[in-house]
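The chains carry the letters A, B and C, assigned in the order they are written, with residues numbered from 1 in each.
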Amino acid sequence: MSPPALIIRGLAIREGHGALVVAGVDLEVEAGGTLVLIGETGSGKSLIAQAVMGLLPQGFAASGTIAINGHAPVDAGQAGLLRLFWSRETMLLPQEPRAALDPTMRIGRQLFERTRQNDAVAALQAVGLAPEIAQAYPPMLSGGMAQRVLVASVLVGRAPLLIADEPSKGLDSERLGQTRDLLLSLGQAGRALLVITHDIALARALGGRLAVLREGRIVEQGESAAVFAAPRQSYTRAWIEADPSRWRPSLRCCAVDAPVLAGHGLRFGFRDRPALFEGLDIHVPRGGVLALTGPSGCGKTTLGNILLGLQAPDAGQVSWAGCDPYRDRAALKRLRRRYQKLHQDPASVFLPGRSTGLQLADLKEVAPELDLARDLPPLLERLRLDPRLLRRQAGEVSGGEAQRLALARILLMKPELIVADEPTSRLDPLVQRETIALLREIVAGEGVGLVLIGHDRALLAATADDVITIGR
Amino acid sequence: MRPALTLLGSRAAQAALTAWLLATLCFGFIHALPGDMALRIAAARVGDERVTVETTERIRREEGLDRPLAVQYAAWLSRVATGDLGQSLVSRQPVRQEIAYHGRFTLGLGALGWLVSYLIALPLGIACGFAPGGWLDRVTTGIAVALASLPSFLVGIGLISVFALSLRWLPPAGYRTGAHMVLPALTLALGLAAFSVRIIRNAVVEVRGAFYMTFARIRGRSAASAFRHHGVRNAAIPVATFAALQFAYMVDGFVVVEMLFNYPGLGELLVKALLARDVPVVMGAGLVIGLVYAGVNLLADLACLALDPRQAARFPA
Amino acid sequence: MSGQAVSERIRTRAERGDRLKAGLALPLVLLAAVAGLALFGPLLSPHDPTAQDLLHALEGPSLAHPLGTDHVGRDVFARLAHGAGRSLGIALACVGAATGLGLGLGLIAAYAGRWSDMAIMRLADLMLAFPGILLALVISGFLGGGVLPMLIGIKLTLWPQFARMARAIAQGELKEPHVEAARLAGFPARTLLIRHVLPAVLRQTTTLATLGLGAAIMSISALGFLGLGLQPPTPEWGAMISELLPYISEAPVQMAAPCLAIFISVLGATLLGQVLSEPDSGQEAER
């Protein structure tokens, strides 16, 4: 039996002279086996991948040993020695595939220069790309295509150990599936894989072994199937349950109230291109949740903006409790504050350089009836927000806190409808679950209508009363 | 090929607009000057003492100065458009001839200054880019900032007082021999290099830090091979773009440098014409400078297009 | 983002503030020296900067004339001090006017879009088609030098950069979620522009304005040197240098003084611009 592809012993990573950010990590990847390392943002998982490649950012120092493909163990602090393994023994599938390619050189010359023509064509076909792509320049490729091109270049290379750093970051569900299949095919081709991710569904699909990282330490590790079936640590259990496919569907809404938002025969398209959607009818009752989904670029964000009165549709009508905001100026002015949006990047909803508290107070300029002293404290308590956070800027709070602050800002305006545009796609699974639960609670408690835009079908199915898919 | 044509079109439009604005400006100035236009021309042609009412009136008719202003403007524009720039009011020479004579000198000086500036800036900038923060980088940055804070006439005065007055190695002014070119060209080159050395250094630093360089090495290239294959071309893009912008600095530079060194180039011609209110010459010199600027911009655009496939997307067919 | 990353970001902000303060010291001292010369110099010197005294021409430094006298016996220190006010004042006026015009037009172009955007940007392109100070040269030359033509000429060469930059920043800023959120809350266009867009525009154009100040000082002195700027006998640094050039060997101190003054003020402005433009280097590594 061939030696393990990777043995990490006692790996510790220190930042500057200060804190240990990764400590006592022991990991092993069998030859041709798969190990998925899962953890929250800031848990140190990417640092482990960087340490193995000898690519730790400046200011970080590693100790411990790393043994690769049966070679003698190397001190993890000797980045120079680890770099000697590049290309022959280890290969990286980078987080941002497009940044890894020289924008001024054709794919073929760049990646397949030393490969025989037939091998290159076969590798490209294996990842579902036409051979002509070798003539393209990297900026012409989408992120997904760039990733496939890189996988093809790995297929023609020799390195037995592949390290994939967050391969699913920022992908929609369709591309997520492609990425999963690519990684599985690399595993089937006999390569050993170390996959770093925070995506539970991806970890489950890849199988192999699973290690759960929390604050720089491994809290649980074992056969993937066994860990998913019977997690021993409560932290692991919370993680697995945070996967939307495990959520219990919420109770269906039964209100047959007059709709708080409706759209009839909506059409929108960019000039000279076929319409993104056409003849679309939408109906959101009070306390109801409607989900909008579809692949990237299908126009779901635009549809959200049309419903919010931000962008007129090419055809059709929007109705805010019976008034059309695009035709009835008075209604638009009167109802403006009642139709609100929860953004994908919560921190960016607040003006940088001004504390969030001051920005909540600014709302009095447009909502004279607002009484912060009366309305704010109970709201903060309900959203579990520390009042001291209001003294900070939005960039200085965590992602989950920022999203709850953004929610507080909207709720101060007493909304009747909220369009939430991928409100949790940048949050870790645990925080995502908490935030969605909070949203549901508010929808049910206040009788607010919710339009939830997203790409995670499992999440939408578990949260919404009705799902509309746009495009294709 | 299509993007190149689009570029050519937009730069030609830029040149045409420059020419139109300059011609209009000059026309406006001529007519805004106080006093009778015909009288001024007459005085310029025959001398102040010998001007008579008859000559003035004849000139007024001949030159069409009695026509409405709009008609005169149209006639003026069509003359400029056909390349007829008229005669210098001072030397009576055709403006084209004057420009051809002085342009030669400026061309030589500019080319030499440009060449010397890159002889200085390229090796220095690349060396600094390979060791950012090192002593060479810090010293070069300091000198470059200081040089960039000096108007070119101060650089020139400094060079004159050292090399011409103290050391007496080189002549302080004039244009007859090659030695006369050294100080003006060096003045120009130092001013240009002060900026380009930073651009080159930053381009090299940026490219060396780009992830595609690291990734090329992960794929098995050596550091030197990665820089040759992926570094040089990417670093050249911002440098080529900047080279065109630098032409704008060149204009400030050679106008002042030529005056300082008494060097008979276009800049000197322009300033002397301005001081003498010699409108046709001012317009001619201005036109040539503006058109050459548009041409230099076009060349830089084409260079970037050849270097950078992303640029093609900026000019959709 | 973990709590650790958050506290790090707060720390980085504080550190950046400290570094900024340290970097500001030198440029501010340089600029303060020039401003001090402009404000107090005329009070310190009893001499009229234009009073000729041919008997005492080209004298070296003395108690009566700390920087000596020029070729017609005028006190160089008095001329330097009076020139400082002019150079700085005109440069500030040029940059102020160019910033105001550029930011105003840039914001209008970004907010209104369509044809006003087209018109403003084409106009800016037209101005940028003139290399360097050519336009300022022609305008000052024809109008016979003096403050106003110079101001117009330099302002015309500077504003397009401000307009372009302001437009680009404002366009980016208008797409930010915080602008959309403010619009959804019902804030009027005025508030959007002033509170949400203008601060970002100002923050990023400060550098340009500071560098523009240096460029304006250089242009003013270059025009003066060429004889196309402020007309004699007005004390102006560039003109002083040009007048003294024939006597460079006899009057090195008198010559060096205005040279140094130009150098210090431009260096101060350039360094200030560089310090202000230093990018936020507090990018944290993703773990």
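Note that in this section a contact is a pair of C-beta atoms (placed from the backbone, for glycine too) under 8 Å apart; a residue touches a chain by one contact, two chains touch by 3 or more.
None of these values were measured; they are calculated from a predicted model.
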| item | value |
| --- | --- |
| Centre-most chain, if every chain is reduced to its averaged C-alpha atoms | C |
| Most widely separated chain from chain A, with each centre as the mean of CA atoms | B |
| Centre-of-Cα separation between chain C and chain B, whole angstrom | 22 |
| Inter-chain centre distance, chain A versus chain B - centres from mean C-alpha coordinates, in Å | 51 |
| Computed distance of Cα centres, chain C from chain A, in Å | 46 |
| Touching two or more other chains - residues of chain A | none |
| Parts of chain B lying in touch with chain C, wherever the complex brings them together | 14-15, 17-18, 21-22, 25, 29, 145-146, 148-154, 157, 160-161, 165, 247-252, 255-256, 259-260, 270-271, 274-275, 277, 282, 286, 289-290, 293-294 |
| Residue ranges of chain C touching chain B (in the complex, touch as defined) | 125-126, 129-134, 137-139, 141-142, 214, 218-219, 221-222, 225-228, 238, 241, 245, 248-249, 252, 255, 259, 262-263, 266-267, 270-271, 274 |
| Chain A partner contacts - residues on chain B that touch it in the complex | 210-212, 214-220, 229-230, 233-234, 237, 307-310, 313 |
| List of chain A residues in touch with chain C within their complex | 19, 21, 40-47, 57, 59-60, 95, 308, 310, 333, 336-337, 339-341, 343-345, 348-353, 362-363, 365-367, 392, 395-399, 406, 409, 413 |
| Chain A residues within the chain B interface of the complex | 53, 55, 83, 86-88, 91-92, 94, 96, 99-105, 110-111, 137, 139-140, 153, 157 |
